[in-house]
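Shared between the two complexes below is chain A, which pairs with chain B and chain C, respectively.
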Partner chain A sequence: MLRFVLQRLLATIPLLLIVSLLVFSLVLLIPGDPAFQLAGEDATPEEVEAIREAMGLNDPVMVRYVRWLGGVVQGDLGTSLFSDQPVLDVLLERLPVTLSLAVTAILISLAIAIPAGIITGTRPGSLADRVVTVGSSVGLAVPNFWLGLMLVLLLAIRHAWFPATGYVPISDSVSGWWAHIVLPAFTLGLAAAAILTRQLRGAMVDVMDQDYVRTARAKGLPERAVTVKHAFKNAAIPMVTILGVQTNSLLGGTIIVEQIFGMPGIGQLAVASVFTRDLPMIQGVVIMAVVVAVLVNLLVDVSYGYFNPKVRPK
Partner chain B sequence: MSDVAAAPSQSGTVRFLRRFRRQTLSLWALGFLIVLTLLAVFAPWVAPYDPLQQDLDHVLEGPSADHWFGTDELGRDVLSRVLFASRVSLLAAVQAVLIALAIGVPPGLVAGMWGGWVDALIMRATDALMSFPPLILAVAIIAVLGPSLTNAMIAVGVLLSPTFLRLMRATTLSVAQETYVEAAQSIGCTRGWIIRKHVLPNVVSPLFVQISVFAGVAMLAEAGLSFLGLGTQPPESSWGAMVGRGFRYIAHAPSLIVFPGLAIAVTVLALYVLGDGLRDSLGRETRQES
Partner chain C sequence: MAGPLLDIEGLNVDFLTDQGWVTVVRDVSLSVAPGETVGLVGESGSGKTITSLSVMRLVPDPPGRITGGSIRFDGRDLLTLPERAMRQVRGNDIAMVFQESMTSLNPAFTIGDQIAEAVRHHLGLGRRAAVDRAVEVLDLVGIPAPRDRVDHYPHEFSGGMRQRAAIAMALACEPRLLIADEPTTALDVTVQAQVLELLRSLQQRLGMAMLFITHNLGVVADVCDRVSVMYAGQVVEVADVVDLFEAPAHPYTEGLLRSMPQLGVRGEPLATIPGNPPLPWAMPEGCRFHPRCPYATDACRSGAPALTERGGGHFSRCLRLAEIELTGAV
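Moving on to the complex of A and B:
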């Protein structure tokens, strides 16, 4: 198992290299003189020169890339053009907010999708099935920022059941954290829940037709055990793949959700950095996001082995 | 990705239309989209008010007989603004999908047709592109190019392109293995001719399914980016930008965000339903591809 994990880790290195090249190239995409553009319209020549110096723009591209990559590998993501703080420090300070939001969103989406997928998948064509299918289409089409605003309007403004904005670290107060995270996490997780439900429903319908399910029934297992132990565990395998893909878009979705609920996470930082033209910070955000996404997908691959012994490496 | 149906003949199209006619829900969705497009095109004649006309005596009002969707912070008619904003939202979605097609289709064809190291290189780059959390990549591209609707749609187009690329590559690969392509090659037909004559006809239908779904995805992405202030810039307004501005008045005039938000949700739903209907109307073999 350890060898499998190591192999997968090694396989991500070329991918991360291409990603680093793409992230680095962002600077090259800036129309005109990057130092001039990043400094803003009313910058003095000295300020422009300072940015040129800070970002090392006077050197050839390849030299800059290698130097930048060398720094990134050692955890040096550069310095914010806006606050002069090391980019990595700012990111690490905000990462717990975004991660707790994303993880809670995934858990909520699973808590919706697993029962919904099992119920509809074992009773295709039933009323529950049709209601859930329509519901999941709607869940996919509703923009998440709009859903978030509606929840704020109904549950935080009309009825003060939840705080409308802000974030409380889980280490300060578990109940405070929960109250602040529920609405944003639900907002973020609903689209993933819709996709996962569809996926699980389809897989359950297929699996319930399999011989081993018939065998399990024939030997007199209660229907509940057949569904959960035999059918669900097999139907969950494709769902794990989708979960990996969904985690990726969930991470992107935090940008919008953090903005609505005033959460001081990485997504909020990303938007603020666009307006301050803080390119090193943006590059840091992208790299951090990709690293998290790659790690999640690695976890997904490894968890295949748990769900499906057939793919376990010999 | 297995084999694909042979090039659609006349009867294929007829079969497709006959199947599609039975998809009641998709027909409704198509009808809605046609009406919406007409409303957008004829907005100046349909809208009850000038979308820019201010009326400071009637600001932030709820729905009424005079103003069906209420008024905004400057007393402008929200219904008229939603109608005019539909032009921006619809055009933005079309723009993003066209950009995605332009970026994704040619390299997909090349990768599928040429194979070898060209294919490997293109696919590795695609994998890298797909490993970015989508919205974060879009924000990064906008950070570099500057916030504007066109730049936002370029970013969304880049995000959507890998799926088109993979679809093109998979179809091209499967067609390239067919005996009739081998026959064409053996009598000296060029790759360009084979692409035009055999590959493109086969890819059109799955591509249409994907276009319909991606128009919805692009519309959601545009709405999200404009909501953040990274897409449509004032004085232009899209549905997402309307929700973004209405955010400030959420406690006083919820209709400012309710109606443009509903417009996005219903339109995106219609595009998804249409996509589902198109997919179900394709031949069984092609259906498994998309």
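Moving on to the complex of A and C:
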């Protein structure tokens, strides 16, 4: 297993190199001149030029890339142009917010999708099935910014059941954390819940027709053991793949959701950095996103082996 | 002899198809005495699997439904048993081995898990004891190194070994009746013979009764005491295995015997029954076999024959039973 994980990690190195090139070329593509930005409105061209020289912006591109990459590998993502803090520090400070948002969103989507998928997949055509099918269409159709705003208006502003914005670290207060996280996590996870429900329902319908389900029944097992144990473990195989894809798009969704709920996470940082043309910070955000995506995919592959022994490394 | 262990009477099973409700099993009666092996023979689609699934009350519903008859097991009518009590029967009193071991074992769980599960459920053994029992039955069915093999997944077994494991799973709770639905059809010939031999010796050693489903009469001769022949959802002949081969009492059985490769004359083309079995929604009037029967008369086209005894526990569903001379295999 450890070897499998290491192999997978090694295999991502070329990918990471390509990404680093792309990230680096962001500097060249993004409109606006960071030196100009830093110097302020009233700076003379000479002052701007001096800053540019000091930042190494006048060196050849390759030199700048290698210098930058060397730093990145050692964890030096540069310094924020905006706050003068090391980019890595800022990222690490904000990462828990985004991670707890994303992880809670995934857990919520699974908590909805697994029972809903099992119930509907074992009773296709039933009332419950039709209700859930309509529900998942709605869940898919509703854009998450709209859902987020509605939840804030209704549950946070009108009824004040939840705080409208902000974030409390779980280490400060678990209940405070939960109160702040539940609405944004639900907003973020709803689309994934809808997709996973549909996917699991379809897989369950297929699996329930399989011979081994009949075998399980022929053993005299209660129907619950037949569906929850025998059928679900097989139906979960395609779901794990979808879950990986959904996790990636859900991480993208944190940008909007953090914005709506005023959460000081990576997503909000990304938006703010684009507005302030804080290039090192933008690069850091992208690198972090890629690293997280790689780890998520690795996790998916590993759990795939749990559900499907045929692909388990020997 | 004591009363039958399994006694099916007048079983009817309907299915909802594109053509509406059709009866795929019609008035089937069948019995198995304790310790006896009964063969259920017939072409594909004749209703063998549906009959045996009815005994387990596992006919897929929808689209299927048992619409009549009784299935007595040890005196109790299984068809009126509450589901909960029925679950106590499945896997414990009556166990089943299916045709395709590749698909009938769950690919996501180890062989040991799948055996131990039934044992824990029915016999209430703890985890450790259930695994020991799994090892014991794997050993019983001749799987080498059973201690290691319990932790393997179905895809790590060969076809023959998988079917042995499926048999071990069925035997784990010492059922009194084993239903084997074409247990060797998916295997290659040498492995077929081994698995058959295994089933026969286990049946004798454990003294259980067996309902053995096959479309191969040669296999019937090897393992069965008595045979029921099914055609188009009906039982058309019931006989002791020797009687059936020596003196078949139904033209369909005669046709089946003639088409056995083991009995064909070398150099002559193998005889086959002309035509195809009827579809459930287009059953012929009168005797269901008449369109393919070389002995059919006008009477066969209009009158539906009943299953009648010719003597000595030998039954046949043929109007012309007394008039025609059928040839056996020996």
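Simple rule for what comes next: the second predicted complex is superposed on the first by the 293 of 314 C-alpha atoms of A that agree within 3 Å, B and C clash if a C-alpha of one lies under 4 Å from a C-alpha of the other, contacts with A are read in each partner's own complex, and residues count from 1 in each chain.
We adopt the following convention: a contact is a pair of C-beta atoms (placed from the backbone, for glycine too) under 8 Å apart; a residue touches a chain by one contact, two chains touch by 3 or more.
Quantities reported herein were computed from a predicted structural model and do not represent experimental measurements.
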Chain B and chain C placed together on chain A: clash or fit? fit
*Which holds for A:Pro45: it touches chain B only (first), chain C only (second), both, or neither?*
neither
Of the two partners chain B and chain C, more of chain A gets touched by chain B
### Query
Who does A:Lys233 touch here: chain B (first), chain C (second), both, or neither?
second
- Return first, second, both or neither, reflecting whether A:Pro60 touches chain B, chain C, both chains, or no partner chain. neither
Which of the two partners, first being chain B and second being chain C, lies in contact with A:Gly75: first, second, both, or neither? neither
| request: Once the structures are superposed on A, label A:Ala216 by its partner contacts, choosing first (chain B), second (chain C), both or neither. | output: second
Output check: A:Ala141 vs chain B and chain C. Expected answer is one of first, second, both, neither. What do you get?
first
Min C-alpha distance chain B to chain C after superposition on A, in Å, is 19
Chain A contacts chain B in the complex at 14-15, 18-19, 22-23, 26-27, 29-31, 137-138, 140-146, 149-150, 152-153, 157, 248-253, 255-256, 259-260, 270-271, 273-275, 277, 279, 282-283, 285-286, 289-290, 293-294, 297
In the complex, the residues of chain C that touch chain A are 56, 58, 87-92, 95-96, 98, 100, 103-110, 117-118, 121-122, 153, 155, 166, 169
Interface with chain A, chain B side, in the complex: residues 124-125, 127-129, 131-145, 147, 216, 220, 223-224, 227-230, 240, 243, 247, 250-251, 254, 257-258, 261, 264-266, 268-269, 272-273
So, in the complex, the side of chain A touching chain C is made of residues 210-212, 214-222, 225, 230, 233-234, 237, 307-310
